[in-house]
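My questions will all concern the structure given below.
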Amino acid sequence: MSGSPLSRYEMVIGLEVHAQLRTESKLFSPAPALFGDEPNHNVEPVCLALPGVLPVLNRRAVECAILAGLATHCTVHTRSIFARKHYFYPDLPKGYQISQFEHPIATGGWLDIQLDVDGEAVTKRIGLTRIHMEEDAGKLIHDDAVAGSDATLVDLNRAGVPLVEIVSEPDIRSPAEAGAYLRMLRSILRYIDVSDADMEKGNFRCDANVSLRPIGREEFGTRTELKNLNSFRFVEAAILAEARRQAEILADGGEIQQATMAYDSATDRTRVLRLKEDAHDYRYFPDPDLIPLEIDAGEIEALRKGLPELADEKCNRFQSQYGLSENDAHQLSENRVLGEFFEAAVEKHGTARTVANWMLRDVLKALGELELELDDAKLTPEAFAELLELVDSGKTTAKSAQGLVSELVRNGGSPAALVSERGLEAVSDAGVLTTAVDEVLAEHPENVEKYRAGEAKVLNFLMGQVMRRTQGKADPNAVRDLLAERLKE
Amino acid sequence: MSSPLGTLAELRSALDAGTTSSQDLVAQALERADSHQNALNCFVGLRADAAREEALAADARRKRGEVRSLLDGVPIAIKDNMVQAGEPTTCGSRILAGFVSPYTSTAVQRLVDAGAVVIGRTNMDEFAMGSSTEHSAIGPCHNPWDPTRTAGGSSGGSATAVAAGIVPVALGSDTGGSIRQPASLCGVTGIKPTYGRVSRWGLVAFASSLDQIGVLARTAGDCASVLEIISGHDLRDSTSIPEPAPVYGDALGRSLEDVVIGLPRECFVEDGADAAVLAMVRAAVEELKRAGAKTREISLPHTPYGIATYYLIADAEASSNLARYDGVRYGRRAQGTFGLAGMYERTRSEGFGDEVKRRIVLGTYVLSAGYYDAYYRKAQQVRTLLRGDFEQAFAGCDVIATPTAPEVAFRLGEKTADPLSMYLSDVYTVSANLVGIPGLSVPCGFHAGMPVGLQLLGPAMGEAAPLRVATAYQRLTSHHEERAPEIV
Amino acid sequence: MPRITRAEVHRVAKLARLSLSDAEADRMTTDLDHILEYAETLQELDTEGIEPTAHAIPLETPMRLDRAVPGIDPALAIGNAPEAVDTAFVVPKVIEGEEEG
């Protein structure tokens, strides 16, 4: 990349994340906060902006926003104000969105991200400018097959669903940092159970402000805003594509124009949606249908006390309490469910290192292959600990046990029963093992010679051959003992 | 030709005595509404069949001894900006043509629950923006005392329906005087309660921080009775006062011995109002003094800024509240094929009348980048000064008396060419909306054959004070008993 | 000097999605100029340090419990629509990203 114009610049990135809050009803209306259904099946007069309707604030949504502020070390304000943001669009039924503008619910926080710098784990702190509450818009259906080529359909099921917008400081310097920031933010929101924060489902959406500056310069360049980045992969690709575009312009002596951009994944390029001079005049003013939101300081403190241990705290504890490596501790603590599963399994099993190894290797692999989240898996920490005990006690082999993880994740059940049902008990019968060992030694005389000449590692090869011959069911300790005995002869 | 209906109290007595029935009253009201429509144009729509059925049910209840309230079986009218499920609401606008509400406003629901029979929806200035009920999609409402003059506005249809004896009671809404000014011009009694006293759920918004539903009737006592029914906390309105509906009872009958009436110096200057109007209001105050009330001069130094403050705030909020009328989900969409932007512009340009457009543009302007602080924020600050004026004033008096309107009903068309002159009709009324306090207008005489109104303002949550003074005044005088000439 | 120009009236009208004929715009410019001139009387008042009043009656923030009630009948929800397909509202084709917030 050293030849590309981009290498002469530093990226300056700020992210705006919209996360849907996990509530039963909408922010200002009692309609269900569900939007998978048929169009307009979860709407009532407020969502439709019928004449005469009025908003009433959802208490749970406010609590969720406060928790998000506390978990990201923000100052949560005892007084915040809902304002109307005006623009005309068919997915915005009132012609304005109720949002927070001058007085958001939380400001001035931070979160730490883990970076890999030349193979070393480095922590970087990213500042949060603000968190404010707002309502979501409805959905437009552009599909020609449904709407026809000259029409668009409007579904207001999503209109009014509660969101928090979380705005970062321009502290992010690369697409990888942006990805790490988003993953950490997602982890936090899931930890405190205020949002599903699932990008693919559209309840965790990201806009990115991107600018470049020559390496070594203090002041920021002109920025552009990338809209609607809807997957982790796209966020990183889009930022890189936009940075490349800006670098080419700057390298040619051009100027960056303030604009709103869209990313096209097919071409891996960004394009201008609208320029700054077409920017909206949103005419914000305090919503006269709503009273300023006053929250008792005591209530904020009560919510703070109820916060669960968060990922970074848990990561540190896993290292000190269980002696895990930073990397393993980080992986196991990033997701609250994973961390809790780990600790439950350790409590039952006793050896943290073993549990961690098996979880990070076999459980995560099985989840990945089955495209499942641990929440949805049928494997319990108790069953998982039992499986590891079966290995420890030599009742089955590690290889057989590995083969069962996927089955247990998908369907659950008792590991001991599965082992016996499938005939996966470790073979320690002396007759069977002796036959297998003798056959292997007869087939590989050259290795026997090598071992006897002092090449001890040949033993592993011979063990592997015996295991293979017994379909992995041989008790490895018994095999090792037997091989050693025979090779001495 | 049916005769005018009596007061609510009279109709209740007749119903209870069995000398009339709800069916008779509703039939009489419907017939009268129909026969006066050409001359007065005070109804936007009648619900004749539904009203007759409801009257039948009310009579059945009465026979079973299950009368729900004072209003049970009584014909009433509502302003065309309060929705009722299954019924149209147009707000006097083309843009809501054909709209049928799927839900019911809290105030109307409380009336319906009390057994009242809504016979129809009354004419109004489009989206309640006006002081003459001339800015209506169905044309102007006419004053029953002189049909060449306005009924005032924006609740002109409700005031006219009561003044013409079609209904004993009608609901109106008051954002800057829209109940009190037409009550004054039509010779009826009208009250705007404290902001938040009556739920705004289902009241089509004009200016959210100023709008308030209230009652027009022939007497202050009738106003109080209906207010008791429609008031009270509503969880669907975040600005609703979390207190139960007041019960006035005998409090309204008390003498005026301990009452101090404040007379704001700024409201009695000769160039502010018609001299004859001022003289009648002074005479009314003298009458109250004879009944035992004391008076004292007070000052409300910021009230001269009320109109400017009011129009900046009201129009800013209106420009926002009216953004939802876009032809997407309900109402009238412009015909023809054009893109999205074209649909918005044509729908709104064809659907709104001139006055509404003027206010939307002014409101949009004062909220737009660079002007917010100079206009909107400034106006909200002046509002704070006004609150201070009234707080200080009410520390030394129980009610404040002023004229309701600076002059008697003006001629139709007289002020339509000059919006500012129309706005000045509200000079005495807007302050009550800006500071949220209750105000009522009672008839206090006639000038040139047209009614004059006395405005009585009370402190926040203190409707009882002006209602008590008005009740005493109506015991002493008979202006409210004067009937407009039968013009049909 | 006029307080508001015809060009500004056109710009603001466009923001509010109103199209005005030149004659309408001229009349409105005159009217608004008068109204704004009148509104300038407020500048006589010193409001330095004065808190704006958004609501005249002080209240505590009302909040409701997070309980969902089922939506209204979809047929009613779109019952007033000028144009609908099944239970969706129909508008002229929207170009994606055109003027979103």
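For reference, chains read A, B and C in written order, and residue numbers begin at 1 within each chain.
We adopt the following convention: a contact is a pair of C-beta atoms (placed from the backbone, for glycine too) under 8 Å apart; a residue touches a chain by one contact, two chains touch by 3 or more.
From a predicted model like this one, the values you see are computed outputs, not experimental measurements.
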item: Chain pair showing more contacts of the two, A-C and A-B; value: A-C
item: Of all other chains, the one whose Cα centre sits farthest from subunit C; value: A
item: Length of the line joining the C-alpha centres of subunit B and subunit C, rounded to whole Å; value: 24
item: Centroid spacing, where centroids are CA-atom means, of subunit A and subunit C in whole angstrom; value: 39
item: Whole-Å gap separating subunit A and subunit B, where each centre is the average of the chain's CA atoms; value: 57
item: Per-residue multi-chain contacts in subunit A, two or more chains; value: 45, 48, 56-57, 88, 90, 152, 154, 156, 281, 283, 288, 291
item: Multi-partner residues of subunit B (each touching 2 or more other chains); value: 99, 102-103, 209, 235, 238-239, 319, 323, 326, 328-330, 340, 344, 364, 368
item: Residues of subunit C engaged with two or more neighbouring chains; value: 15, 17, 54-55, 59-62, 64, 72, 77-78, 89, 91-94
item: Interface residues, subunit A side, partner subunit C - complex; value: 23-25, 30-33, 38-45, 47-48, 56-62, 85, 87-90, 92, 97, 137, 140-142, 146-147, 149-156, 227-228, 260, 262, 273-274, 280-283, 286, 288, 291-295
item: Subunit A contact footprint on subunit B (complex, rising order); value: 81-83, 89, 91, 96, 99, 101-103, 105, 200-205, 207-209, 235-239, 316-317, 319-320, 322-324, 326, 328-330, 340, 344, 364, 367-369, 372, 376
item: Subunit C residues touching subunit A - in the complex, by the definition given at the top; value: 15, 17, 54-55, 59-72, 74, 77-78, 85-94, 96-97, 99-101
item: Complex interface listing, subunit B residues touching subunit C; value: 98-100, 102-103, 194-196, 209, 235, 238-242, 302, 304-305, 307-309, 311-312, 319, 323, 326-333, 337-346, 348-349, 352, 354, 357-358, 360-362, 364-365, 368, 375, 377-385, 387, 419-420, 423, 434-437, 460
item: Sites on subunit C touched by subunit B in the complex; value: 4, 8-9, 12-20, 24, 28, 31-32, 34-36, 38-39, 41-43, 45, 47, 50-57, 59-62, 64, 72, 76-83, 89, 91-94, 98
